[in-house]
Every structure is written in structure tokens, then in C-alpha cells.
Amino acid sequence: MLLRRKLLIMGVLLLLFALLFLLWGLNADNWDYNLPRRIRKLAAIFMTGGCIGFSAVIFQTITNNRILTPSVMGLDSLYMFVQTIVVFIFGSRQLAAVTAVSDFMISVGIMVGFSLLLFQIVFAGEGRKLLAVILTGMILGGLFESLSTFMQVIIDPNEFLIIQDRMFASFNNVNTSLLNVSAIISVLVFAYGYRQTGQLDVLSLGGDISVNLGIPYNRAVKKYMFLIAVLISVSTALVGPITFLGLLTANLSRQLMKTYKHSYLLSSAILISAIALTFGQFIVERILKFDTTISVIINFIGGIYFIWLLLKEGKL
Amino acid sequence: MKKTALFLLLGILAAGSFSLFIGVKDISPLDLLHAADEEKVQVFLISRIPRLISILCVGMSMSVAGVIMQQIAGNKFISPSTGSTTDWAKLGILTAILFFPGASTGMKIVISCLFAFGGTLLFMRLLKMIQLKDTVLIPLVGIMFGNVINSLTTYIAYKYDLIQNISSWLQGSFTMVLKGRYELLYMGIPLLFTAAVYANKFTIVSMGRDFSKNLGIKYNLTVNLGLIIVSVITSVVIVTIGSIPFIGLIIPNIVSLYRGDNLRGNILEMSLAGGLFLLLCDIISRLIIYPFEIPISVTAGIIGSVVFLYLLFGRRKHHASA
Amino acid sequence: MIQGEHITKSYQDVKVLKDVNVIIPEGKITSLIGSNGAGKSTLLSIISRLIKGEGKVSIDGISTAAYQPEELARKLATLRQIINIQVRLTVKELVSFGRYPYSKSKLNNQDKEIVGSAIRYMELEHQSGHFIDQLSGGERQRAFIAMIIAQDTDYILLDEPLNNLDMKHSVQIMKLLRSLVDNHGKTVVLVIHDINFASCYSDYMIVLKNGELLKAGGTEDIIIPELLHEAYDMEFDIREIAGNKICLYYK
């Protein structure tokens, strides 16, 4: 009951921020122009926030680790790498010819494939070396970054501009058709995730106990990694990387809800993510007048929170 | 033991002389002997030789900086780039640019060095305060901690429109090394000697505070000295060349696979191997898209990450059988 | 009955188990004993499918590979060393997880009853609302065993359940295990280091040495100086005190 009330408060808060975001500075003259744009932006914010919060909670559950977030796996760098390769091989004209949606699906597909491959390689051996998977992901992320830089150095400067445009994707240039596709994908993943909350509760007790309680552990972990890869790929391809948001929201969600039950943890993480992004975007857009980007602010606050958390927990 | 060192030295000599004669300007050893072409000799003296020397200095000092950090932290996966030192040094340079707009290079190095030292010390403290289930978590915490510092740097840089400046530190490159612009790197040489003198103490410190006290080593003093050496080397390299990933991480690991962890016995090989690695990376960078060249940080990053992954899994297998 | 056939396990080039064939009888306490590195824990973990190995394990005549994971979880429960779980759970919540193989997360009245009696069985009524991380080592151990009991399986496999426990709590746990076998018809398999606890409480013993089966048999056939000497490479003096065989090896 208490948990429901907490969720309700978060929901109301989100609604208030959303209204603030939509209506601030709106008048009869700019109404027609601004409102639809803001609604689209808000939809992108909700969806991205949802993807990041949801995936971060699951990621922390299956890794049994509260300082990790899926973005440490190097998926952001992979996204950039894929974009660079496309421009490098086909040239920018080719890229323009490919419709945005199919490009998006290809990127998401490659990122999901990469995560699964990474997992397959490291899990092929004995034992549960999840940490090794993550470290490998981080290092490969660095490798992709190096490779992208290398290609960008030798690419035609005009074509480079196109890549750069995608590097700093933000909520301001969200493609409507992409938004629809991502919304469908993420809603499907959410729906599936909510049916599995009981299994996630068990998984949070660790590998041994999960196996003992009859969960096919390796298969389950792979399944969730797949879901996480889908969500992260969707949100990164849509608006670009926001590294620390997942860390921030998954932990805040655990702290505020004080429960192990994923039915509540997932919902609150989605709400907190959306609140943070809505509020952050509002500050950046209206108060700071785009003086900085939202990911910089989120990373900064998330980072400080991370250190505080490390010190408070005293263990990993 | 002497054999390995000799072998590495020969490798450096061979690769070094090869590297002197590649470049856009076609120079052959004969040209130098005849001294017929004044311009060619000039290019040789002003650009090629400084480049070679600076590469060797950076390679040698970075790998020693890496091993010192590993000994102090008692963890194989720590290095200036995975232990947040590099990120702190960058924040230091940014601070220097912001608060002392006309600061000389020396001033920038001093400030970035202070940041690197303080920050790394803070990171080491942080490590002491948390219990870790798995040693792999240590570099993970290091990288995350570095990310936090980086986001602060980006935040400030964004605010004061200095993003372009930071990007140039991210890319290590030796293309701009000319006579008169690299000599600061010589600072690494006395530091290497200091490290060699203290090598034994660093090895003892790696076995922990209690162990060191038992043997009468001043633990804090030795740790601080080590961190000072690491910070100075890191800052100097970042200010003059830019950051070069992985070298401080993989060279010590490879050398210790063959020669063990007694720093006094292998510091010579450690530094020579670092120099040779970077020299080879540089040659590859210059040849692969000749007549253009790739930034060396990219080459080192690609080769380094592959080697690192090999080490990570090779090492784990080794443990499992023990 | 649990049967293990040709169980082999190697890490890289090192074989930790070499073609081990064992039979674990029903309705008894069986102890796996042997010196460090003999392969006891590995064998237990393979039987309880926590790690994979070569060979075949069957329970009641059916290969474990043929069981559905959940079906197996209703047949066999296992616990390795107590890990520090990151999640903040109360004792009652933890024990309730034991019912997951039956009712997933929706406990019915019968489940709740079983959870309650498992908690009572482990004498944790007073702590049932406490968080796991606030418990003492012995209480935490008992909480995890209570979860295993709530799982209500025919077979219970425990890896060093007495680790970190003082004498009083060790005796308490062993008595409870004894009663699970005698009064509830369970089969308990233990990896245990203390040879005298093994001798006093088990019916059947499996002795491993260097990854190979040395001998399996009733306690009275195992606790003999010659065999223990071979298993541990040290001298044993065995005395019978109050009907129990006690091994003296301290001097």
C-alpha cells in the first residue's frame, strides 16, 4: 500500500513537470507551432527515460551489482562505430538514400547482435564470469571509439559532418517515424518484462540460489541481456548516450522503494527516469537556454551520486 | 635477464633507425653522410630525431608509471588511464587554462600534476574504503570514477567554450613534435632513475601496509613518492603529446608474465619494452595510410585493447588451474 | 536414490574429478569427506547442477538433464557457501522464496503455512521480520537453510553447512538435519570438514582422494584407522565414546 502511494506521488510529480514543460512560455501566438513539437519531445523523453530506467534495474539485478549500468558495456561507442562504418563504406549519399527507419533498425540489430555475441564468447567457458563480460564490453567500447576516430580521420570532411550530426543527437531533432517504431519496440519489451517480475526477484538473490530454485540461470541471463540490449540500442539510436542516468535512477529507485520486488522497482525506475529527464530538459532549455547539454548535467549529478553511493555502501 | 634487455635494446635500435627514414620527405642514410642536401639534414635534426626521442621517452616512462601504480594498488589492472590519473590531469589543465589564461606550459604541468596526484590519492583512498568482491571491479571503479571527473571537465569546458581544447588532449599524437617543443619529456628520465632506486620498496608496498611496516618500510611515504612520479609523468605526457591509452596497463602485465613482479629485477626490461611498443605503434601509424598518418593514440588503443583482452582471459584461465 | 556415473571434471589441464561413480542412498545422511582438494565440493556442485561436468547424474532413475528446471527444484535443493546477497530481504521474505518452484511469487495459504513452519523449525520466529544483513552468522546460516527446507524437496545438498558456526549452532544444525531425515524422510548430503561431526551424525559416507573415489559405505565401515589414514595421509586413533566413533588426530 505504502509502495503504491510512493508510485502515485512520483506519477503526480511527473505529470506536474510534464505540464510545466509543455505550457511554460506558451501563448496564443506560438501555440500552434510549439505545442506539437513539445509533445513530440516529451514523448521521446518519456520513452528514452523508460528504456534507460527499466534496463538499468534489470542489469543491476542480473549482475548483482549496484554500481553498474548497461552503458558501461560499450554500446554507445558501438553505435557511433556503426554509423561511421556506414558512412565510410557507402558514403553519405548512400546513407541519405537509406530511409531513417531501416538505418535505425540496422543499428539496433547490430548492437543487439554484438551484445549477444559478447555474451556468447565470454559465457562459452565454465562459470559465471559476468564481470568479465562487462570489462570486455568496456574495453571493446574503447576499441570501437579508437576505430571510429581512425575512420573519421581519413573520411571526407563533408561526410564527417554527417556523422558529427549523429554523434550529438538530442531530444531536439527526434525523428517522428523513429519515435513510433521505438515506442512499439519498447512497449513490447516492457510488457514482457512486467510478466517476469517474479523471476527477476529470484535472480536478484544470485546465480546459485536461482539455479536451486529452478531457474535456467544462463538462459535467463542471456534473455535479459537481450532485452537490455534492445532497450539501450533503441534509446541510444534515438537520442544519443546518457551514461549515468541508468545508474542514478536504478539506485534512487531502490533507495526510495526499499523493496526487492521488481514490480515496484521497475515502475519507479521508469518514473524517476522520466522525471529526471523532463526536469533536466526543462532546466536546460528554458532556464539555462541551452547553455549546456542535458547529458552533461545528468552525467555530472549521476557521477557525484555514484561516488557518494560507493562511500556509503562501503562494499561492492 | 640481461639477454631480454639486450634483445629489446636491439629491437629499439632496429625499429628506431627504420623510423628515422620514413616520412613524406624521402631521406636516405646516404643523404646524411654526404650532407649534400642541407634541407634534408635539417628535417632530420628538427623533426625526425626529436620524434624518435620523444616516443622512446613517453613509452618508457608511461610503462614505468603503470607498473608503479599497479604495485601501489596491488592490482594488475590499474594504470594511469584505468585509475583516473589521466582524467584528473585533464581537469588540471582545464583549470590552469581557466584561472591562469596566460599560463606557460610549465605552469600547466604543475597544476595538472597537482590534480593528478591529489585525484589518484583520493582514488586509492576510495579503494581502501570499499571491499571488493572481485579484482576485476577495481579497474571498473577506476574507469567509472574517471568518467565522473571527465563529465565535470566536459561540463566546465562546455560552459566556457573550451570543448575543442579538450579534444586535442584526448588524441595523443607525435606529429607536432619538433625541436624545442618536446624537451619537457626529458623530465621522465630522472624519474625513471628514481623509480629504479625505489623499485624494491614499491614491490614491498604492493604486499600491503602491514607487510611493509613489518619490514620497516615507510608505507605512506613510499606510496606518495610513487604517486608523485606517476602524476608528473602522466601530466607531462598529456601536456606535450596527449593521452595514449593502454601502454601503462599492458606492458607491465606482459613483462611480469615472463619476469615476475620483482620491480628491481625487471624495471629495465619494463621501460625498454614500453619504448619499443610505442615505437612500433608509431611506425604502424605512419605507414598504414602513407603519406598520411593516424594519431598514435588510435593505433595504441586498437593494439592495446586486443592485448588487454588477451591478458584478461589468459590470466583468468591461469588462475583457474592454480 | 541419487546416482552419479563417470563424473569427471577438469579445469584446463587439471582434473579435479576422475571418473567418479557414486550412489547416494535414500533416507539417510550422507557425508562427503576427504582432504583439501579431494573434489568433494566439486562433486556436490555437479550433482546439484550448480556446475557442469562430464558424466551422468540421475535422481530416482531419471537423468537430471531430463528434468525441467522447476521440476528439479521441487526434487532437490542445494546450498553452497552463504554469500552476502545485495538485496535487503527479511528472513520471512527469504524463506518465502523457497516456494518459488511451486507457486512462483504468488503464495497460497499452504505455501504460507510451509514457510511459517520452516521458520519455526529453524527457530527463527523472533527474527522473521529482521533483515538478513542484520543477522549474526549463525542466524543467517539458519535462515538460508530454512529457505531450503521451505523448498520441501526429497533431497537436500549442503556444502559445509557448519562453516563459521560455533559448537552450539553446529550441533543445533546437525540435529535439525538428523530430524529431517528421521522424521520427514528426507535425504541429506553434506560436504563436511569435521570428521567427528560426520562420524556422529551420518549414516553413509563417501571418501574422495585426489579426485577419485576411495571408498563409499556405512559410517562404521569408513571410520576405521586404515582407511582414514589413506584418505588424509595422517595417523588416526579411533575410540568409541557413548556409542559414537570419535577420531583422535590432534597430537
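For reference, chains read A, B and C in written order, and residue numbers begin at 1 within each chain.
Methods note: contacts are C-beta pairs under 8 Å (C-beta built on N, C-alpha and C of every residue); 3 or more make two chains touch, one makes a residue touch a chain.
Values in this document were obtained by computation on a predicted structure and should not be read as measured data.
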What are the mutual neighbours of chain B and chain C in this structure? A
Which chain is most remote from chain C in terms of Cα centres? B
Which chain has its Cα centroid closest to the overall Cα centroid? A
Counting only C-beta pairs in contact, which pair of chains has the most of them? A-B
Can you give the whole-Å distance between the Cα centres of chain B and chain C? 51
Rounded to a whole Å, what is the gap between the Cα centroids of chain A and chain B? 33
Quick one: report the Å distance separating chain A from chain C, using the average Cα coordinate of each chain. 42
Would you give the residues of chain C that are in contact with at least 2 other chains, written as numbers and ranges? 11
Chain B, residues touching no fewer than two other chains: 320
Can you list every residue of chain A that touches 2 or more other chains, as numbers and ranges? 126
Show which residues of chain C lie in contact with chain A when the two form their complex. 11, 48-52, 68-74, 77-80, 83, 85-89, 93-94, 97-98, 100-101, 104-106, 147-148, 151
The residues of chain B that touch chain A in their complex are 126, 129-134, 136-137, 139-141, 143-145, 147-149, 151-152, 154-155, 158-159, 171, 245, 289, 292, 294-295, 297-298, 301-302, 305-306, 308-309, 312-313, 316, 320
Touch list for chain A against partner chain B, complex: 67-68, 72, 126, 129, 131-132, 134-136, 138-140, 142-143, 145-147, 149-150, 153-154, 243-244, 291-293, 296-297, 299-300, 302-304, 306-307, 310-311, 313-316
Listed in rising order, the residues of chain A that touch chain C in the complex are 64-66, 126-127, 197-198, 201-202, 204-206, 208-209, 211-216, 258, 260
